[in-house]
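Quick one: the structure is below, questions incoming.
Read from first to last, the chains carry the letters A, B, C, D, E, F, G, H, I and J; within each, the first residue is number 1.
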Amino acid sequence: MKDQLTTSALDKEDVTALIIAAKKELGQTWEGIAASIGMSPVWTHSACMGMNAMSAEKAQALVLLLQLPPEAIAVLEESPTKVWSQTVPTDPCIYRLYEIVGVYGPTIKALIHEGFGDGIMSAIDFDMQVTRVPNEKGDRVKIEMSGKYLGYNAW
Amino acid sequence: MKDQLTTSALDKEDVTALIIAAKKELGQTWEGIAASIGMSPVWTHSACMGMNAMSAEKAQALVLLLQLPPEAIAVLEESPTKVWSQTVPTDPCIYRLYEIVGVYGPTIKALIHEGFGDGIMSAIDFDMQVTRVPNEKGDRVKIEMSGKYLGYNAW
Amino acid sequence: MKDQLTTSALDKEDVTALIIAAKKELGQTWEGIAASIGMSPVWTHSACMGMNAMSAEKAQALVLLLQLPPEAIAVLEESPTKVWSQTVPTDPCIYRLYEIVGVYGPTIKALIHEGFGDGIMSAIDFDMQVTRVPNEKGDRVKIEMSGKYLGYNAW
Amino acid sequence: MKDQLTTSALDKEDVTALIIAAKKELGQTWEGIAASIGMSPVWTHSACMGMNAMSAEKAQALVLLLQLPPEAIAVLEESPTKVWSQTVPTDPCIYRLYEIVGVYGPTIKALIHEGFGDGIMSAIDFDMQVTRVPNEKGDRVKIEMSGKYLGYNAW
Amino acid sequence: MKDQLTTSALDKEDVTALIIAAKKELGQTWEGIAASIGMSPVWTHSACMGMNAMSAEKAQALVLLLQLPPEAIAVLEESPTKVWSQTVPTDPCIYRLYEIVGVYGPTIKALIHEGFGDGIMSAIDFDMQVTRVPNEKGDRVKIEMSGKYLGYNAW
Amino acid sequence: MKDQLTTSALDKEDVTALIIAAKKELGQTWEGIAASIGMSPVWTHSACMGMNAMSAEKAQALVLLLQLPPEAIAVLEESPTKVWSQTVPTDPCIYRLYEIVGVYGPTIKALIHEGFGDGIMSAIDFDMQVTRVPNEKGDRVKIEMSGKYLGYNAW
Amino acid sequence: MKDQLTTSALDKEDVTALIIAAKKELGQTWEGIAASIGMSPVWTHSACMGMNAMSAEKAQALVLLLQLPPEAIAVLEESPTKVWSQTVPTDPCIYRLYEIVGVYGPTIKALIHEGFGDGIMSAIDFDMQVTRVPNEKGDRVKIEMSGKYLGYNAW
Amino acid sequence: MKDQLTTSALDKEDVTALIIAAKKELGQTWEGIAASIGMSPVWTHSACMGMNAMSAEKAQALVLLLQLPPEAIAVLEESPTKVWSQTVPTDPCIYRLYEIVGVYGPTIKALIHEGFGDGIMSAIDFDMQVTRVPNEKGDRVKIEMSGKYLGYNAW
Amino acid sequence: MKDQLTTSALDKEDVTALIIAAKKELGQTWEGIAASIGMSPVWTHSACMGMNAMSAEKAQALVLLLQLPPEAIAVLEESPTKVWSQTVPTDPCIYRLYEIVGVYGPTIKALIHEGFGDGIMSAIDFDMQVTRVPNEKGDRVKIEMSGKYLGYNAW
Amino acid sequence: MKDQLTTSALDKEDVTALIIAAKKELGQTWEGIAASIGMSPVWTHSACMGMNAMSAEKAQALVLLLQLPPEAIAVLEESPTKVWSQTVPTDPCIYRLYEIVGVYGPTIKALIHEGFGDGIMSAIDFDMQVTRVPNEKGDRVKIEMSGKYLGYNAW
């Protein structure tokens, strides 16, 4: 029954598959797609993976650029349910980030408390850049995160 | 038996407790301690927590600054065993970092592959800064990570 | 070594024990303590359990009210590390709350998205009340939560 | 074999898919659907997700409203098996609720014991509202839960 | 610090240890203790283990019977935090009960739904008896549970 | 390959689906089916769910009653592999049973040891009844379990 | 408080420590201790580890043999709570047994069903021997388990 | 794509399904199949389940006996990847074996060390028999394991 | 929808299946394939399993050798997401490696710190060989790993 | 009670602490200790950590070298129970080894099957070396493992 019911509609996973296929066919890069729709590469890739919602305008621009079916626009605008299945990620590139949180998490917390007060860095009002920094001992990956400081409420 | 055997020697946990107590008594900040020993606040806090090893010179400077017992120097120089007990951290300030890895981990991976090739950002040849960025809608926490790109070997 | 080092200072766990002992001895209630320091019972209990930080003023009022040692003031002001050890709580009173999140979590999410947009209810800029509502079929527990809506950033 | 056996009958998952598709096509909202069948948005969404059972009357009203096949009525009336697969939810909007239970669960428990006695708030004889509260510093999500107090039996 | 702070007061664990020691010394049985205080053996043992709260009257009777220190009365009256550390119990006698829930849980659920409607058996308004039933093929353990039926609310 | 190989034979899951479909179509209840084949409702439901094996005679009676295909008889006679996928069940009706084991498991164990000796209640030589007990404060669910006492062997 | 309360009584862990110390001092072996009290080595070691209960007679014989304090007798007679903390054992010698259950568990189950019917091998009415079997390619460890067949009840 | 690619070849799971179907059709038993190919029932069942590799000769004998397609021979010869998905098995017949490892694992280890030295019983150079032992109090299941003693290397 | 979308493109899993099928058909070995493309057996197998990325040149050589479809070349060049689903591997051959890490991990760490300083062996700039070493007491498996030493950064 | 009972005897943990303290005081290295007792550094460190048993001769040599109390000899000779508490190790130096098993485990397995047959590399009849290999792009850590090939038995 389900197959019949759901095949008439695209979901986020379908749109991600369409985007990846179109990106290959058109020889696009994430940098290039991001520039075309006027957004950052991190946010653009994340939204294409179904981990962020697009505004109508950005969704239309993406659909136009990648020649996706028009039904994809509404799907790209939907609020995603953010799910990851590996509590501890196994891919080495992602695990290193998990390790950094394990090793430096208490340090980041202490410095936020010292520098701002009792609160956190928001992961919602948040942005991130990933860039390449040339270095003669070997180029470096630079990750810059910025999140609004949120102080705990007392009531 | 054990109590007798181990009380004669400081371990990393003892030195961390001594540092925290001295920091309070002397009214120091992590920023201030870091400046005094000529290192960054992130690295300094991390080494004081027993999550990084100090050079002899930096250990001596710290011991002098905080008036720690001289035996602490050798302890600060030891290579730590980095252990965290919560697979998923519960403190909200640290959890948000875990969440960022869950949501944006695959994106960071994709952009590293696009920008560098098949490899990772090192978490060993690595540094990090945490700073406050004034913003009229509410100041922001900025976290900058930089790690050497390591390409996979083929043999 | 550690015992010597740490016995000179109170930590959050010690202060919680002192508060509970004093509360019993003085025949106080959480409602009463909260009223005395001019805060809500939920926040007051939470801060006494070491799960929230007090302002200097509130800490002084509490120490005065419960005749705690003056060193407790600084401890109550510290930013706590919020830790819970049971991923799934076993106490029936707390488990029911976990169950409500399991059953109604996706519903709350859907209604927030419908009512506000792509975002969340903050658990930081947040407050909560627990009250008794008389009811002839049996009185009811009312829990009211209020958190600032935080919309996802796009960049 | 199974495909043949089960395709002749709708299950709760199928009906949920039909509801979501019909809601989109008809441009309905959860608020609107709830009002149409004379129930609250929280309960209505939950029952549509297959996490609560409908009375015959409400099921008929919903089927009529959304033009679902008549077989859906009996499915909506069935007692669901409530299953959630993530012990710790990853979606940020749902995780924040889990975090609130972790941080404030013991506080809610203490206040129930102080205000009512040795017992719990029922999650069965229970209702909940989610509303938007305008606020000049940013609107707030208000969640109100009400459950019957159940005192422990002694025998 | 903590040792000093807490040694002045008995907690539930201490009272359990005092009860077990007194029970041995006085040659009492759980059946006997239960009869003496006019309660069932299941509830009596459970309250003595710190898993249920006693009324003032029952606590006094127990303290008198077992010659416990008078401070134990208030402790026995406190609402316990019910904690078990093994998600899957290893002791064979307890594991068999866990296995019964695994094998027959869905069956009990189906029969409750068929016999009562959409709801559950309360574990709060609940009582249990454990008795020996003579049988020529080997005596049998009989466990009788009775809990109030709680129907799900719709709102 | 697999589809071809296995579609020629019914397995326990198929037979369960056939039973549920037939039960609906014929307007049967578990009580009624159990009475028809001369067994208890608990055992009958459990065997229909594929969690117990039927004798040839009972399997034939069931197949006749529900007009199942004759191949179902052999399947109903097979020894099942009893599997449950949720270590901690999430459905509230089943979770309450798990909670009872957590809270009262050690009590049941203590009373078995006091009443019988060092041993357990068998979950194999075992039977159970679920019944409705009228009560003016609200009807109650009664669960009666009976298992053979098995004493530990010493050798 | 607790230390005072519990130091007056031996528990199973204490008696195990006393046995191990006495065994070393007296130069005994498990084989020898077992022979002296007229029981098998497997059961004797298990009871000495606190994983089985001794009869009064065997407990007395053991206490006499190893010159333990007389209070140890009652402790050895108590029904133990069998707890193991590693769900998957790490010690290679024990892990291999776990591996055998993983690899051959379904085979043992199939052969029991074929040879006996729908039931299990009891782990309660159970005994085991561990012996050395000389073999020119390297001696072998022989483990013989024997448990009563228990057939599932139907009711 | 995958379906096309893999349907041309049998894998171990397919061959297991073919064996079970053929065994039913031909009215064979595991005992009988084992005798026909000149191997033990434990090993034969295990190899048929895809948990051991057959020699070419045994695979041919089995294929001939059960009239399997000739492609099955190569599949039966392949080294299996031994996977079990339940860390703690739920089926009661298999769980009892897990329980035996939990209760008696340290005992088996102690007796191996006492009888052989510092080493283990191999689970690779290993064999096992399951037999029925008549007993007037109820027949018993006998499991005999034999594995080569492997002493730890020192270098 | 998805089936249509994805069947037009090969993914890493498809290519692995094609390689395994071709290897069988052509009677190739991993040693032989590796030699043909001028790489080591470990790396070649790993890349064929989709756990490493190939250069264009090596991918072309492999596709030519195994007569794979030309679309496979691009797939073999893609950076893989390295995922393993068993936290603790169950296959005995792989588990032994996990056990070696558990037993000797702290030793390898100590010797790296003694021999190199505070750092690690890279698992990215890494290579490995597996060879057979004849030995009259039984041939041995030799595994040689070599990874670049990476010293921790201080900043 | 326990403290009194166990303080009279050293256990493996005590001896490890004594070794580490003596090593520091005497300015020894693991390389040096190993050379002094005529064993490899890997095995020597492992035995000193209590993860392997020493022969009487090696234990005496070690005790003499490090001026340990003579009771340490018997402790060093005992068969250890090998326990590690982190299923997934967090220390980066050890995690990389875990990662290598995750990524290359199936490859090592495939090459062992191709090169030897259906069997494993023993982790018992096993040895390992860790050495430094100079390299102009950065020195490398070389880990060489050698374990006896064990072929699966068929019976």
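By our rule, a contact is a pair of C-beta atoms (placed from the backbone, for glycine too) under 8 Å apart; a residue touches a chain by one contact, two chains touch by 3 or more.
Note that the coordinates shown come from a computational prediction; the quantities given were computed from them, not determined experimentally.
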* Kindly list the shared contact partners of chain B and chain J, in label order. => A, I
* Among the listed pairs A-I, E-F or E-H, choose the one whose interface is a repeat of B-J, with over half of the contact pairs the same by residue number. => A-I
* Asked: Taking each chain's centre as the mean of its CA atoms, how far is chain B from chain H in angstrom?
  -> 50
* When the centre of a chain is set as the mean of its C-alpha atoms, what distance in Å lies between chain A and chain C? -> 32
* Per-residue multi-chain contacts in chain F, two or more chains -> 6, 9, 42, 81-82, 84, 87-88, 90-92, 99, 102-103, 106, 109, 113, 119-120, 122-126, 150
* Would you mind giving me the full set of chain pairs in touch? => A-B, A-C, A-D, A-I, A-J, B-C, B-D, B-I, B-J, C-D, C-E, C-F, D-E, D-F, E-F, E-G, E-H, F-G, F-H, G-H, G-I, G-J, H-I, H-J, I-J
* Show which residues of chain I lie in contact with chain A when the two form their complex. => 1-2, 5-6, 8-9, 74, 81-84, 87, 123-124
* State the interface residues of chain G toward chain J in the complex, per the touch definition above. => 6-7, 9-11, 13-14, 17-18, 21, 24, 86, 88, 90-92
* Asked: Any idea which chain A residues touch chain B in the complex?
  -> 29-31, 41-42, 45-46, 49, 51, 82, 84, 87-89, 91-94, 96-116, 119-123, 126, 128, 130-133, 135, 137-150
* Asked: Which part of chain E faces chain D closely enough to touch in the complex?
  -> 39-40, 42-43, 47, 52-55, 58, 79, 81, 106, 109, 113, 117-120, 122, 124-127, 150-155
* Contact footprint of chain B on chain D as seen in their complex -> 88, 90, 92, 95, 99, 102-103
